[in-house]
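Given below, in the form of structure tokens, are the structures.
Two complexes are shown next, each including chain A; its partner changes from chain B in the first to chain C in the second.
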Partner chain A sequence: MIPTIDFSAPRHRAKFGYLLLAPAVLLMAVIIVYPILLSVSISMQDVRIARIGDSGEPWTLENYQWLFGSGETWHALWVTFKLVAVVGGLSVIIGFATAMLVNQKFRGRAAARLFVALPWAVPEVVATVIWAWMLDSSFGLVNWVLLTSGLVSEPIAFGSNPTAAFAAVCFVMIWKGYPLMSIMLLAGLQSIPEEQYQAAKVDGAGVWQRFWYITLPNMLPVVGVTMVMTTLWVFRDFAIIHVLTQGGPLGATTTLSILTFEQSFEFFRMGQGAAVGVLTMVLCAIISRALVGRMAKSVH
Partner chain B sequence: MTTLRKTAIGALLAASTMLTALPASAETLTFVSWMKDEPGYGDWWNEIIAEFEETHPGTTINMSRVSRAEYADTMFTMFAGGNPPDIVHLAAFEFQPFANEGWMEPLDARIAEEGIDLSNWAGQTTCEWEGETVCIMLLYTGFVLAYNEKIFADAGIPVPTDWDSYLHAARELRQDTDGDGILDQYGIALPFDDPASVMQEAQNFVLDTGGAWTLDGEPAFDRPEVVEGLARYKQLFTENLTPKELSSADVRQLLLEGRLAMTVDGGWINNTFRSAAPEVQQHLKITQSPFSPPLGGTSNVLGMPSDISEEKKELVWDFIALTASEKYQQRFAEWAKTPAPRPGLDYSELMAENPSFEVLAKAAADAAAANVDRLPKGLELENNEVVKVFYKVAQQMILQDLDPAEAAKRLQEQVSRIKD
Partner chain C sequence: MATVQFDQITKSYGAVEAIRDFNLDIEDGEFCVFVGPSGCGKSTALKMLAGLEATSGGTISIGGRDVTELGPGKRDIAMVFQNYALYPHMSVRKNIGFGLKMQGLPANDINAKVEEAARVLELTPYLDRKPRALSGGQRQRVALGRAIVREPAAFLMDEPLSNLDAKLRVQTRSEIVKLQRRLGVTTIYVTHDQTEALTMADKIVVMKGGEIQQVGSAEQLFHAPVNVFVAGFIGSPGMNFFHGKVESGPQGPVTRFGGHDIPLPAKCAGMSGRDMIFGIRPEHIRVGEDGPGVALSLVENLGTEKILHFHTPGENVLELDRAQVGADEERDAQTMLIRVIDDRRYSEAETLALAFPVEKLHVFDPDTHEAAAG
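Take a look at the complex of A and B:
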């Protein structure tokens, strides 16, 4: 006789929930957890090229010794944090400003919203290749405009000057990244009850006070989520930097993701590449937890 | 009704028998290459594939293209994922990590059985890995000077034949021809965008001063000849004789647009002239490199993965043997307009109709005689890291004014560390 479970009974109700969740959990384990475990395993092997299905090398901490003893890692970490600070900060500021702008009622608001979202809709590599052409120091449109308008006396070497290259990467990342912030923050703005603003007006609150005491506190959870998304995006973004500068010049744009690629696919040192990847994952997890927790609490 | 059922069963049996028999003879070989659809090289591959499919009924070759920029990564992923292409086409400087992992099938037994004598093939020794032949060399090229005859004639400057005349021409031919304040014609243009091209370009000057990246397989970056070569290379940038952010493709494009007077490049440059507009193309010529010995190098190789079935290995070997045959080596020279690696081919007709061909043949012979290769001997496995280190130091030398002697010292230290 097959045993039956009455899922409607209070003591079995939770089991039914787990049963329903099981397929999704299993799927996630296969497509998310397994690759992570594989990366951790490879990062602990002294292996140049790892091959799926191979028995693998004995575990060692050699790759982590290289990771923390190498100047390249610390440099990449510094570049990544600089990029996160500049791109994350400016993307959120510009995204917030444009969200507030297109939240107003004015003629052509639908078109303005479309233009704000447009860079986000362009595929990342396509957009970056176009920017790479425009930023070319010898034949690019940007330098031509700057030269012919007399703003600069000689072309800006976006590809060979470390400061200019970093600025170019930041600019393209902000251009590509701020629309998503704008769209998310716009959704957040629209969810703030109008009554709060009306009550504040009755109490004599000015524009800045309404922004400071109503808009900002209400928006903090959304800002928190957008900050997390931007941080994670900048941390893991590879295409924009690879297409624009390939991590150069002189390592000025070598982030952790570029270092991972370089070690794994250019130098064929997959163990070291995986170690950089694991470090990136741990940092992302810590930052996400810190940002989400802080922003979510601050609203209360 | 019974008859109908019997007929249906019979038909099903026949169909199932045919379907069972089909896989034994019908085979598809996968072949990935960056050369697919390239004028010249792509046409050559198409001819070989057509003949192979004709002589191997039921076997088809599925050739697909992956661009050169992401080629090594793609092949690496295919091999690491256990799904390599059946016909392995790789650049001569990138097959070593694959061979080192044991992913390339040794070909010596098949070569001996086929009776192919590879002893005098240009660059074939590069295909030996740990005492075994793991590939067939498809191209060894000597570097030549491609130049725009009209630009030199208009300026009244002779085509350079050595470093001094090269430097003189580079200085004189850099011009703002339309007077808008922006330079639009360069005497020379050196790639500075791609690490491998930067190291290759600098090697021209290092060879000319009697230097080499390695001696007897050991790094030799700090020798005085190398320092002198690096100093010459740096001088071209510090005098602003070349733009600083070009790729090799940009340099070739400038030449094809008639905005560049000269460039030192591999034999393949001859094949690109056909892309230039007729009014430019008529002025594009090829002559000996002003640097001696000329830079030369192995270009690309053909092999097979070690973990495909024996049946497939037999088919892939037939394909490789066909590319190495006298007929298709001759056709290679005709299509690519550059000498093939196989010795003893008759180039008299090609030389008669294209004077550049003789120059290319001589450049390849000179470079081979001087035992020159773009790939530093002894650093094959670490080549990508060495190239990246060289690129960083070259950037420090050119962008941060690092002294060439100090640059050479840093290179020696860093490359030695990588090799150890």
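Take a look at the complex of A and C:
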């Protein structure tokens, strides 16, 4: 006879929970944990094209010697951090400003909220292809507007001028990234109790003082979380840069994720590509741990 | 310290009139309570005084100064909110000192005043804690501290006790009154609890449906309610009502109650033949004398006192909307209550003889629901 277990009994309830969790845990192990371990393993092998199931090369630290010894990595790191700082900083500011705007009561607020969120809803590649066309140096819309309005005397070469290319990537990433910030910050703004503002008004606080002493401190945890999300997004975003500049010109927009792609699938040095990927993963883990921990602690 | 005047204040939301003809003078140093059921406009009136809501008409003055067009920060008032509205990210010290900081006081002065307020409210050990590390009662005192430290012309309090448990509420109630007496600051206090109103106020403003029903001391409201609503709202339990026809008896006007003649006040002599509403408070009905006999339907023993329920005799039942009578929820129109404090044991279904002392009977007009003048 098969012993029956009553899963509703208090002492068996936990077992039922584990049972329900099992498929999800297995799935995560297969699609997340295994690939991570695999890429760590590849990063320690001298392989050009990795094949799953191969007996594999002996483990070596050659790829990591290349990683820390080559100028490419340090350059890509520098580009990535610049991008994180510019995109993260500006999209927090723009996201905060738009969130405050659509948090006001005015006619057409629903439409305004939709417009704020719109760039987020457009698929990344589609949006970037359109931007690439608009930013084209010879027949793009942006240059046409700049030229006809007399802001520039000759077209800006977004494709070949490193500074312009970096600016273009930043611009498109901010355009694509600020709506999520805005939506999350709006949710944060709405959770601040109205009474706190009323109390501050009675206490004689003006508009800026209410922003500084009530809105900002209340929003810190949300800002922290959105910063982490944007940082991670910029770190790993591939499509926008790949479509817009392919990491060029002269590596001006080669971030860690572009470098990973180049090494693995353009130069077919998958061991080195995997090493860059592992470095990116470690950095992301450190950054998110630091930001989340700090923001969460600083307020509540 | 200042007087507060409402002059012809109205407030409407679109076509809905939330407050009509609100006229009120509050003396310097007075403790004034706005009381009424939810939705009566008492909080709106307070928010208009604070400058958090715009008025639709009329003027508000504080200390003789017209403040109708001024923002909350310029009205020289302090407010205590129902949920305290403490700033969660600031320590108690900073919470209390925030208003002073906004006034631009030097840090030393702020600190001295905050320490003094904390001493008065026994908050000194908690000055460097965040609000979330405090109990409900302590948070409430921080909110009070934030108000008193500014030494404003008036305190506004919006149901400040409703988030406290019953025991703490009674204790804090008397603390607020003592504090107000000591500081002598004009206070406007909003509550839906008539007990709070009666125990705390110098002046009570009873409101219903956006209109002031009666303004007066606890004494006046209790003994001379101007209408059925105030009579039913004030007192716990509220007044009993029944209706009957005024008739002339050998010794003056009477009405019939349960087959007996009940003597009426002399002023009813001129109302002979009219149907009137009569009211008597549960504590004023006398038991065990000659008079109409009633069977008890329920006996509630509260230890020192007992609440005896009996059915209103059929012909005397007054069909009134509860909202019009302002009666508490646990009673219906067919039941009258007697409140007794004695050692006698009462049992259900027991028949008692009642007497309604003539000087305690209230007479109301059945059409206007207002107290009938003689």
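One rule holds for everything that comes next: the second predicted complex is superposed on the first by the 276 of 300 C-alpha atoms of A that agree within 3 Å, B and C clash if a C-alpha of one lies under 4 Å from a C-alpha of the other, contacts with A are read in each partner's own complex, and residues count from 1 in each chain.
Rule of thumb we're sticking to: a residue touches a chain if its C-beta (ideal position, glycine included) is under 8 Å from a C-beta of that chain, and two chains touch if they have at least 3 such contacts.
As the structure is a computational prediction, the values presented were derived from the model and not from experiment.
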item: Simultaneous placement of chain C and chain B on chain A, clash or fit; value: fit
item: Which of chain B and chain C A:Pro217 touches, first, second, both or neither; value: second
item: Touching partner for A:Pro193 - first (chain B), second (chain C), both, neither; value: second
item: First, second, both or neither for A:Ser160, with chain B first and chain C second; value: first
item: Superposition-derived comparison: chain B or chain C, residues of chain A touched; value: B
item: Angle at chain A between chain B and chain C, C-alpha centres, nearest 10 degrees; value: 150
item: Chain B versus chain C as contact partner of A:Val202, first or second or both or neither; value: second
item: First, second, both or neither for A:Leu250, with chain B first and chain C second; value: first
item: Smallest separation in angstrom, by C-alpha atoms, between chain B and chain C in the superposition; value: 52
item: Contact residues common to both interfaces of chain A (with chain B and with chain C); value: none
item: List of chain A residues in touch with chain C within their complex; value: 193, 195-196, 198-206, 209, 213-214, 217-218, 220, 299-300
item: Chain B - residues contacting chain A, complex; value: 72-73, 76, 79-82, 97, 100-101, 181-182, 192-193, 243-246, 384-385, 388, 391-392, 395-396, 398-400
item: Chain C - residues contacting chain A, complex; value: 50-52, 71-74, 77-79, 81-83, 85-90, 98-99, 102-103, 132, 146, 150
item: Chain B-facing residues of chain A, complex; value: 48-53, 136-138, 144, 147, 157-162, 248-251, 262, 265-268
